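Next come the structures, one after another.
Common to both upcoming complexes is chain A, partnered first by chain B, then by chain C.
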Partner chain A sequence: MSVSNLLENWAEFRHTHPVDDVPHDPYKWAMSIDLDACTGCNACSVACYAENNLPVVGKEKFLHGQSMHWMRIERYWDEDGRDFPDQGAQFLPMMCQQCEAAPCETVCPVGATNHTPDGLNSQIYNRCVGSRYCSANCPFKVRYFNWYDYPTTDNVWPAEMSQQLNPDVTVRGKGVMEKCTFCVQRLTSAKNTAKNEGRIVHDGEVQTACQQACPPGAISFGNLVDADSKVFKQWKAQHVEIAEFEQAKDRGEQDNKLRGYRILEELRSYPSVMYLERVRETAV
Partner chain B sequence: MHRFLRLSILLISLFAASSFAADATQAVKMTEDSLGPLVEQPIEFPHFRHAGDVNKEHPEKGGMQIDCMYCHTFARRSAVAGIPPLQKCIGCHQSIESVRETPRIKKLFEYWEGSKDGKIAAKSPIPWKKVHDLPDFVRFNHERHIKRFVFQQNRPVQEACGYCHGDVKTMTVARRSKTLSMGFCVDCHKKDHLVSAEGGTAIGNQAYWYGFKKPVVNASAPLTAKGPNDCWQCHK
Partner chain C sequence: MKDINEDIAWAKINTDVLKSLENPRKLYWVILAVAIAMIAVAVGCETYQYQMGMGVANMNNPHVWGLYIATFIFWIGMSHSGTLLSAILHLMHADWRKPIYRFAEAMTTFSLMTAGLFVMVHLGRLWQFYYSLPYPNERGLWPNFQSPLLWDAMAIFTYLSSSILFLYVGMIPDLAICRDNIHSGWRKKLYTALSLGWEGTDRQWRNFRVTYLTIACFLIPLAVSVHSIVASDFAMSQQPGWHVTSFPPYFVAGALYSGCAAIITLFIILRYVFRFEEYMTLSILKKTVRLTFAISMVWTYLNAVEFASVWYSHDVASKAVLIQKATGTYAPFWWMMIFCGSVVPLILAFKRFQTNIPVLLAVSLLLNLGMWLERWMIVAPTYSHGYYPWTWDHDQWPSFVQWGIVFGSFGWFTLLFMLFCKIFPSVSMYEVKEMVYHRTLAKKNLGSAKGAH
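After this line comes the complex of A and B, so read on.
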């Protein structure tokens, strides 16, 4: 890429959240997670490990904060004086929020993380030099750094187990950053099938690994441009707008019956994941 | 004295380091034009005899003009083009008596019937080696390119395959003849390609989905679109 090309296409290279002249079309991948349905069972996290070739780092490295769980369940314990078995908790599945104006993108010194036209925040492993600036700038702390060459030094996948690796996903080496991709390998394959048949991807045709594994079906995933998709309907029902940084729920509209919100919205990173507030009283 | 010693140590270690580096680069033999590794195949497969043009003066030197996708049949329906199974080779060659006793075909039948020294079991697949091997972080889809250029634009198969594989119909064993680097791919993806040509399948407003950008509709000129150009289309 020549410098003149870079300068001419700067607006595209650093494309932020959708504006009227460059709307997302035909795809804008988005998610909605119903915290009322979530039981904190961690099936999504396990599915993610299997789908995306994530290394299991072990207890010691986990305590050092070097775990690689792209999808993690955050626990918020109830502080009502009860001890562990009886203590209630709130669960929050947390993965890359695929922000429209992602703070990680603007700080990458080599442009390894970029916005894609279908509204994802791409991470290109072979371009990454491991400065870890993106992780420092991520408000959700969902970027994970390869401190070790897991396939070799830790032998995470011994000889026979290397057969279980997903061939559609790179096995990352030492010194690169990685994060949730919204299962981009599944999206690409679905888009290719759709293109071959001369149509766009139908709702429900493509599932992320976490969505597929979720027992109560708390996770919905789809195309926010498609008005027939479940995600579009959920976002619409909750009056959550992708290009707003304050939603109807925050303004206390509709007699506080709305449940939809996005995390750390005031930072104006415009995330692509909507959470539905928990309404039931007990944890399980 | 010390300075002299220091200098000599530096020179010796530099020499050792450079000779070590030279050794390391010699590990993989490259083709003459340095486009890829020199691959030795178990059978020296003559692509020119199968896919090459007919030679009217010397029919024994010419080719059969077989379609690439007769053997590499998965190119039009999956991400990988595929190497034909042994059965496909035998399917034709069991009834071609004229070349049955040539060295390569004898080798081929060793894989089918088993070799006399027992080293090769009957019906064992030929261990072909990969010539056009892309890095692990690249995703390339044959199907999309074949659908786009052969079925939608009605271009000749050998031309469409040749964009990346070169003129395989003149080769014996396939050699890499394009760089297959990122710049090579992007060069083509940033060009305006015709959406559909005369005789090809019409794709209507699907052109939009190639470049993720609405093509400028100009009534006087044919509709063109660019290839997908975001990082995650090819990197995984």
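After this line comes the complex of A and C, so read on.
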């Protein structure tokens, strides 16, 4: 990139802001998570560890808040002071929301986190200097920093399991930021297959690891541009618009039959993950 | 009370100031050794952190920034008063700054050098630091010009290099005096090289004045922009407690405040150590103290503005952070910051304390403690009560590594400052002479006016 290129094409680097009406074509990866179906079993989290070579940091570091779970199950209790097992646990699977106008992207001093044309928020490990500004500015706190040099010094992947690492995913060294990628390695391979066959990826052809592992099928994942995809239908049924910062449910439309919302929408980061509100009242 | 006595002979000024460059006393070596030991602690901690990873600093997921960023802001802030004294007051023709601006300017440079180190210490991949600089490279990779952190890097480099230039240019006539009075050794060679053949001709003085004034004018907007940009790191993020429009002026006021307090501390120490009572007079100290008091009240006001605008904004998250600051884990530090920053300076309003050296030394140190706490209270509480409830109440106490590096930075600053004081004249000789001359003139004119009457 020359300076003249930089000056002329600067806007191109950040062009996929939803309010600019630039359509994602032919892909816009998105997710929907049904909180009514989620049982908080943590299978998604385990699947993510296996798929994405996440280091298992151990109890002590976990207690220090230094765990690396890209996909985490958050647990909230009802506040009426009931005891186990009636205290009414609510679960919320939380991972990078792949915001369209991501707060993390603008603040990175070296441009290590960027937006891809298919609507992902990508992280370039080699470029990251570890200023952690992205994490400081992330409203969801879903970015995980390599506090230690996990691949070499810490015994996070026991020696007898040396063959268990996923060869399609980089193992990250110390001092870089990482986060959920929507299993970008699977997306890339599916897109390549489709491209070779002169088509776009069919719905259901590619699954994220968490989606694949979820026993009640609470997680749906797919291409929001594809009108046949399940995710597209779900978003449409819930009247959830990617370029809105308040959805029909919150406006009280349709007598509140709607369940779809996105977390912290009012911050206008336009997340790509829709949650379906829980309707059950009993504890799991 | 006079700023300076007009009876001081010019030769005496030279002798007195040059005396400060002579062989130091025993205590000097002791303090120097302590400073080096403090640096050794920091180097040890940094080496450990470099080897092991940032985890040993005891940061975690919500608490990704810690004491390093807080102390970075502290040292950047410290650097502002040198510029205030030497550039702004220079343009305003405030004569009283002349005997004290040199060490304040040195303080600026050294605190910037300390602050710069904190940026590096903070980085997860220190060895890739240069990625954040816009250097031309064959891969065509550029830093992200949207990031306030990048503006920071550029602003600090510009400010540091301009400050060094300003300090140096302002010293040239004095370096020539040193050259002419010292006849052998490495000092002679050093001063000869640095004084750039200064002879004090009219032409040289004219060029010197123009250059000095130009750099002064260049430096003032830089000083304001540097701390505004540091404030932008927070104000331009969207975290509750940081996303405050009044942050840039608030940071600049805080910077001038801590800088002025540090000037009082160093003023008292230099005055005592080098016996500069005749130059660093109580009258000048009084003016500095009054300036500090005024700035402390500006800071207090801006603090109140911030609280009020958060309180009445009806922004639930920001309000929660404010309440958490006043009542949560960090409450003792937060109230201590309010006490040291807004209550302690009230002492400075009383005339009898404005020249009371022991009281001033204690007060100035307390003010800086308050200002350091202020920076920490900006950085830390937002993490323990941000937007996302899952991250609430994850308090993370900084480990000995963080404290050790913060501790060592004071040693590093002390070391640089002590070396400076023994190598370069810490009082501007030529400007003190100017000041004495101005006073003599004023007195003469007064006399002749009386005579005419």
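Methods note: the second predicted complex is superposed on the first by the 280 of 284 C-alpha atoms of A that agree within 3 Å, B and C clash if a C-alpha of one lies under 4 Å from a C-alpha of the other, contacts with A are read in each partner's own complex, and residues count from 1 in each chain.
The rule is short, and it goes like this: a residue touches a chain if its C-beta (ideal position, glycine included) is under 8 Å from a C-beta of that chain, and two chains touch if they have at least 3 such contacts.
Being a predicted model, the structure only gives us computed values, none of them experimental.
In the superposed pair of complexes, A:141 makes contact with chain C only, with no contact to chain B.
Of the two partner chains, chain B is the only one that A:117 touches; chain C does not reach it.
Residue contacts after overlaying the shared chain place A:108 against chain C, while chain B stays out of touching range. By the touch criterion defined above, A:88 reaches neither chain B nor chain C. Contact with neither chain B nor chain C is seen for A:40 once the two complexes are overlaid on the shared chain.
Note on chain A: of its two partners chain C and chain B, the one contacting more of its residues is C. Contacts of chain A with chain B, set against its contacts with chain C after fitting on chain A, overlap at residues 127. By the touch criterion stated above, chain A contacts chain C in their complex at residues 1-2, 5-6, 10, 14, 61, 64-67, 72, 74, 76, 92, 94, 103, 106-111, 127-133, 135-137, 139-141, 143-149, 153, 174-177, 264, 267.
Touching chain A in their complex are the following residues of chain C: 52-55, 58-65, 122-126, 128-129, 131-132, 140-150, 153, 233, 236-239, 383, 386-391, 394, 396.
Against chain A, the residues of chain B that register as touching in their complex are 135-137, 139, 141, 143-144, 147, 203-204, 206, 208-209, 212-214, 230-233, 235-236. Looking at the complex, you find that chain A touches chain B at residues 25-26, 114, 116-118, 120, 122, 124-127, 168-171, 181, 184-185, 188, 191-192, 195-196, 198, 200.
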